[in-house]
């Protein structure tokens, strides 16, 4: 029996989260369900995609990830997707186009429900079937396309990487879409005598740090985080507030010889 | 071994929630405990009743629902109740009179404790005994009455249903005490050429919607939610803030021919 | 297989909490993990120590308590500690010097990691090994000292106990560092005709209460809570806001004959 994870924007003051869980427990009382988070800001598909992208591959293969974000939109079809050896069950808002570079191996359309609570009435039931080992083809009809969303893309030349903040975390750290691998590729292109500066807002830095506390408390650090993305933070402080960074803020790396 | 659910107004920054759970785990490490929510606003019995009423019947029969809301009030007796094939363990604040139309089948008074933390010292121990299959008569002495609370009642005539908002959810949706079944009964009474309008604050609507996105983003919808109650929301917006709705706000349905 | 508890200041909007859990689940899918709380205010070691001190002994002996508070500070060594028949795994911020009067029985230094996410890469792996019964000596090298932090100490004479508020809980109750046992010791010293007053801010009280509702709603109570510490609260109110109490506020008990 595979694990089910559950992520939503339901918050925790109402009965919504536990109603979905109860639908699973009612059929299979010992099914393991791990909460990712239910504090995704309401309707924020981008934040949800960012969390899911960072976490799904930390779970065992065949895990079923149940995603109920912006789940009230009936215009979105309900899908089950097999991708990168994991299963995803949720609404076709475009979120599933953002979480992996891999292509979906199989996608099926889940039977449309007349429900005003499809996370409970559709997703929970399908997630359980997949966790119990049913084939994805048994839970819906094959489809070939899903909605796609596009994040702000890096603009990359030999002399500049131009990226953006894609999320602000609990501590106020700003996470960008600039990958370490991209940075290293451009660095190499520029040869051994290359120099670079990192710029955002009114700040200019000449190097990356390795650890959060390579700087004093209250000072700004820049490092590639454990997911491989450039992160801007303040040691024991809130970078978003103190540096005026928010989602979409521009971050530049300029190279020179 | 039956499931235990746990709902409280303890919040999550202190040790209170986990102290109650630990009292169960210490005696029975594999006992399943499902959190309903611990973010009930402090002392808010009405909100807690609303959540519990919406969720308890989604769990298997014989589930033990442990409710620690306004739990510090020593004047409330501690009770265990069998009602609608579920067990409820908590304080006699009146909350248990609000969650079901069914009458309690059995009620027992739990032994008074000298504790300043009765949720841990009394409720957890009794909940575990019931989950393990002990008879309710073994955990306390039979009593015949519990405190009753009354919610604002619908005022219903052939020409008007007058209800109220009973809760605001995480998204800002306003949930009323007007049931679909009540509305349909009055509708039928008025015959086939009946018309109706729904009024609240300065808004007037002439129909109910079926889904949240039957209206454009930012527009107001009215529908009967998955629990059967009239819900007023704004597609991707906060109805409570934008329409000025709060707990107790009046909502009218007027019928005419 | 022993239980693992998990406490952090990670909050719940990001993937951090579940990334740590997933590292355990990946190796041992049925390992029981109980959340203490992830809402410790960022970097607040004192609050975390207070929660942990109140709760760890409620769990079975041999439980492994994983503590990721202020966990990004690479300057702190990672330790595993056996103390009071429990295991603690976390960073050497001084927190472990505050949670028990017992001395550590064994302490080992965990292998330094190059990780920017040591809670996931180091703590989770070691916690699992200890939960599975590995000896603490197998997970690191013995060390003899840990960082120590000192809380504000009581100042005690025969005529006065001078303490401080050490934490404000979810309800706004102010928890002090004045223990019931200390109070009773001084009371006894003063003989049978002793009188005392409790003073803080502009308030003066002449007795302790036993229960929260020994006073009317809205009135202030003083009692020794279930952990044995003097707690100042307002029945159904927020004492911190209404009485102007915050962490470090002074509280005095004066004795006279």
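List of remarks:
We call the chains A, B and C, going by the order they appear; numbering starts again at 1 in every chain.
Definition applied: contacts are C-beta pairs under 8 Å (C-beta built on N, C-alpha and C of every residue); 3 or more make two chains touch, one makes a residue touch a chain.
This is a predicted model, so every value here is computed, not measured.
Two copies of one sequence, subunit A and subunit C, touch each other mainly through non-matching residues, since under half of the numbers at the interface are common to both.
In the Cα superposition of subunit A onto subunit B, the rotation angle, rounded to steps of 5, is 120 degrees.
Remark: subunit A and subunit C have CA centroids separated by 33 Å (rounded to whole angstrom). Residue numbers of subunit A whose C-beta contacts span two or more other chains: none are found.
Residues 3, 5, 32, 34-41, 47, 51, 54-55, 58-60, 169-171, 210-214, 223-226, 236 of subunit C touch subunit B in their complex. For subunit A in complex with subunit B, the residues that touch the partner chain are 10-19, 21-23, 25-26, 29-30, 42-43, 72-75, 115-117, 120-121.
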